């Protein structure tokens, strides 16, 4: 089943075309990696779909329904959650309160009977390393990202966008993230993840989408894309 | 000895993070600090840069005691800091940000030279000279932050997680540019998560855990250390 | 060529373009419809507003202080100008050939600037610095409340020390009013307009081209970043506050001929300055100047076509409308700062 | 020994009208010092009741003065809005209060709705503006009739501060002007804090008005108006009612005030001039005949009432004072005039018909119209007091 | 009066009271307020007047904190909204002879509409911009009240009938205390429900709140509407108690009074301002009346207090209470504050 489809999605900032006519699809159960050089337009692309910064033109279809230009809260209610590249917490709320916002107001308002319990489960699920009543403003970047993930999951998404979840992790810690990703995927949630750590991408993604200068340069199974010369040239560079 | 840290205690408010941390860096050396999240790597850097005043211990730079000096004086003494959060001037253009990096240099010509040096290093910045820093992508900002740090022609550069959020190609080029920098005689102290890469490019390393220095030694030795392998590389 | 044209059309369609073109159109219309005095009054009033608002912009944009006591520094300026100018004018009444006839007012206005700056420095040491040292969090709201307290304090100290009576002067510079196109303007107005234009220009040049000016802007955007590049923030903050208060003070001093000094005189200039600053967007000096002329135009046109007293209602409604469409002000940057969280 | 009575003085001692408060204070202190704070064998304690120009705070402060400080009577007040709320407090505690200046019609309406209850709010110190302000129009019309002045067009503009005072005065100009065949070009009210009148005056100038009439109690506004009037080159007659109520007005307007019409009780008697000098020596600014002078007369009349009460009942308390107020003051028996040393008006006299206002006429409470030149005013109206003819601006 | 900070820790004593935001100490306060008119020296009418004014400001500060403490927008035109409600009720009473008892609620409803409008037009604005928008809105309202003389009589003042035809202040006192408690309970129940979480979320981070599925439009507008409705009712009370309305009641300085009380009381607590208003306003009045020969000195002291509190205790009284009393080792205090 097709979860998400974009057709010629375009986003312009003044004269700059940050995303240029990108079409792609995500199928049920996919873990899609979105890669591309810095400033390629990945975050912008995700923002345009999730409603934070609506697209200039093009079309977004979510489970067969045209959702172009819907607001983030509408998208959330339809089952699309996301995390932020630059962590974006509720500074004066405790960790559990932050997660509760999503369990109460997210995609499944009626389903969650006990939001407190549910939020606690979510924090456990993402292996949040701190106490649940720590104030968000006291967390460091990595902890915040974990919290952000718990919040995104608490709203019962069908599709999850993750913007650079693994940045700042050491190789050892990558395995934690992989484990969590695996758990998420096993819940039947499809994932689109923006990531620069190739090690992680190669390990978990079944498909890749690579954009450069806002334009799609490759889409397909992971190995195929990773070996695509255009991708190597544009993204992986001489490092690989 | 260019930088000598003795028994440093530091933290935030009443919360102590660093406990008796001692490190030293020789002129021209390329030193790294690695360690798990929350170990206190950034705290160490911030303390050296003067953004946090230490609770105890001493820091000497070039034989001169700089413990507790305010950040701007430390910068004037030749230490540049590229922070994890980047701390860019979001409403200024790329070029203005870079020029601010050369704030302590008064000579216009030297400023220009530095600017060209940085633009050579990061052509993307040259392309986006007039864009506001606040509208740049995450990776672009990182480049700008490093570029700004280089503008003051420092003796010692403290670089906190430069690869954070950078595409592989750029990560490589950032490390390359640090290498170039080092060849020009700049001493570099690097904090990184990517232990393998870090230890393979630096001369010497410290492993920080729970605010204490756990191990230290030549990078190549650390890379082969069983403990490091187990904890950081998940091997 | 066509690209150029496209850019121009895009500019015209932007909020900036629409408001600027709209203002010009409105000004032209009113001038043709009613007479050149509309234009002249707008320019003169705008110049005075610019002086009051640039100081406020500085406070807001650089230090993130939503200054509520700006009018009180205006009051301090006018009070000191009064005490300096009164003996001077008594002297010149006896000695009409003295150089003080021309330079006396300048002395008074200059004093108001210096006293304003000193008052600002005192405020920084006694009020703002202790707050900054103690708690950085919630700075915007806490510092705002602090300025509310400061405002009440200064108003009532004025009353306790200097009394509540109105302290005014007849004029700064004597002589016939200037006249062109059947519009008469007093010398005081013309000279204080020129003075404010000059000061605003100097200030703008200072902020844009000098090292210190750039440092001030840097601190406004990221204090840690500023420290990292070697800026001593304490000095910059001190300087910014004194500069802002000096601007308010010199505005009060140079407008003494119009606004006699009394304890609660600050509210009106405060309102006006806030109108301008919010309309034009925070921390943008040239924007504030343009905004000052727009607000002046709105005031003048409202008086002309709606009636006196409405020059409060109509502009505020219009500014609200503009804010609805352009939330960060006409010349405001899209990048969010501390003040809008 | 040891008998004393506390008297409340209600005024805006802080806030935007604090200058009026200071004038009140100076007047009361001087009047009291003159009698050494004694009436009969009573010592008078003066209690300052700060209205802060706010009806809510004034009511609280007044009640506190009654209960906490035990005031038995009150005098003065400046704002109509304060009068409305404090009237109820005075009635509640049955404390007689005299000579409040809250002038406008609301006060009269409220008073007349229940004269019994509000008998504690005694005669006002200022009549509704309509009774005084129409005189300007009469003076001007007389000048036209006498051929001294030939206005180009019979068009007038009305301005005023946007307060109860400004609006009711403006309303009375309008009525009187329209009744005598003038056309009103505009009626403009501005906030009392406004000081920039160029746009307004330019508009008047363009319309070619022959008379500009208005008032403000705000020194900043009115002096600016007068100055800018001459700066923009308007050639019409200017009525700036209340300019002279500002003690130091000439220091602010200078020659711009030449030819301006004002209605102001002059400090004609030697006592009055002595009083002005004394005040200046005491507080450092020239008092205004209106706020300072009238309040001086008000408090002195009040002292007269106290003396009378003491004479009649040998006690000074709220009941006895109220009785005298109702029986003798409001009936017109007890008046206060030049023979008692009044410095401003010929006579302050209340009658049941005029209450809560006083009798307004040229031998009682009256503001003559005068015209300024070089800072000095000469009476041009009424004819009986006239020292000079009206002189149009050239 | 207040109980819990976070939603999950439900109070140990009486859930019903807990739901409406009272703990034993709060109940004690309420009883105290109820009994106050019979306890000397407060049985004196003039002190009742102060109490009424204090309760008026206290109630306004609760409504004000409901917006500023939760969705983080300072409604700088709050007094103007209150005045608008007051004028509505007064005009109905004067022109249509509608009883003030009905009028104040119509005034509240009318102010709610205004709140709806302010909420809608300030939607895209954040922080200081939204505050300024509501400020300008307030200024415009005050301007209209001044200029529409045919309707409001402008500065001439609109005389309004009083709610009780009695000289005594006691009925007014109980009325305002009831309004205070109702306002507090309503606001508290709202913020203790899931709505409170939504308010906090959009107040602290709009983007994150939206991606969690919170519709900021609804919650922001709802918040403004409710707090403005409360202000409108209070404005009606003001008019029908003092018997006069002038545009001055809408002045920024009135908002500043409310704001000072709310902040000294502690942001985001609702009860802080309500508790602090009484001693604070009393203190000011006492200083004013004992130092009446130095007019303005009380305001100098007021200003100094505000400055000192902001510098040395920016969390305000509620924060102080939470840190030093609620979490104190003293058992009695803990029982009183419902933390036993």
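Every chain is named by a letter (A, B, C, D and E) in the order it is written, and numbering of its residues begins at 1.
Methods note: a contact is a pair of C-beta atoms (placed from the backbone, for glycine too) under 8 Å apart; a residue touches a chain by one contact, two chains touch by 3 or more.
Labels paired with UniProt names: A = Amino acid/amide ABC transporter ATP-binding protein 1, HAAT family; B = Amino acid/amide ABC transporter ATP-binding protein 2, HAAT family; C = Amino acid/amide ABC transporter membrane protein 1, HAAT family; E = Branched-chain amino acid transport system permease protein.
Worth saying up front: this structure is predicted, and the values here are computed from it rather than measured.
The minimal number of chain-to-chain contact steps leading from subunit C to subunit E is 1. Common partners of subunit D and subunit E, by the touch rule above, are C. By count of C-beta pairs in contact, C-D exceeds the other of the chain pairs C-D and A-E. Chain centres were defined as the mean of their Cα atoms; on that basis the chain farthest from subunit C turns out to be A. In this assembly, D is the chain whose CA centroid lies farthest from the centroid of subunit B. Here the CA centre of subunit A is 29 Å from the CA centre of subunit B. Between subunit B and subunit C, the centres computed from C-alpha atoms are 42 Å apart.
Mean C-alpha positions place subunit B and subunit E at a centre distance of 51 Å. Put simply, the C-alpha centre of subunit A and that of subunit C have 47 angstrom between them. Under the contact definition stated at the top, not a single residue of subunit A touches 2 or more other chains.
Listed for subunit D are residues 14, 18, 21, 162, 189, 191, each touching two or more other chains. Shown for subunit B are the residues in touch with two or more other chains, namely 135. The touching residues of subunit D, when paired with subunit E in their complex, are 13-14, 18, 21, 47-50, 53-57, 59-61, 63-69, 80-81, 84-85, 88, 91-93, 104-106, 109-110, 162-164, 166-168, 189, 191.
By the touch criterion given at the top, residues 6-8, 194, 197-198, 200-201, 204-205, 207-216 of subunit E touch subunit A in their complex. Taken together, the subunit E residues at the contact with subunit D in this complex read 44-47, 49-50, 53, 56, 146-147, 149, 153-157, 159, 162, 167, 238, 242-244, 246, 248, 285, 288-289, 292-293, 295-296, 299. If you check the complex, the residues on subunit A that touch subunit B are 13, 35-40, 43, 85-86, 140-143, 164, 167-175, 196, 198, 234-240. Listed in rising order, the residues of subunit C touching subunit D in the complex are 34-35, 37-38, 41, 44-45, 156, 159, 163-166, 168-171, 177, 179, 183-186, 189, 257-260, 262-265, 267-268, 299-300, 303-304, 307-309, 311-312.
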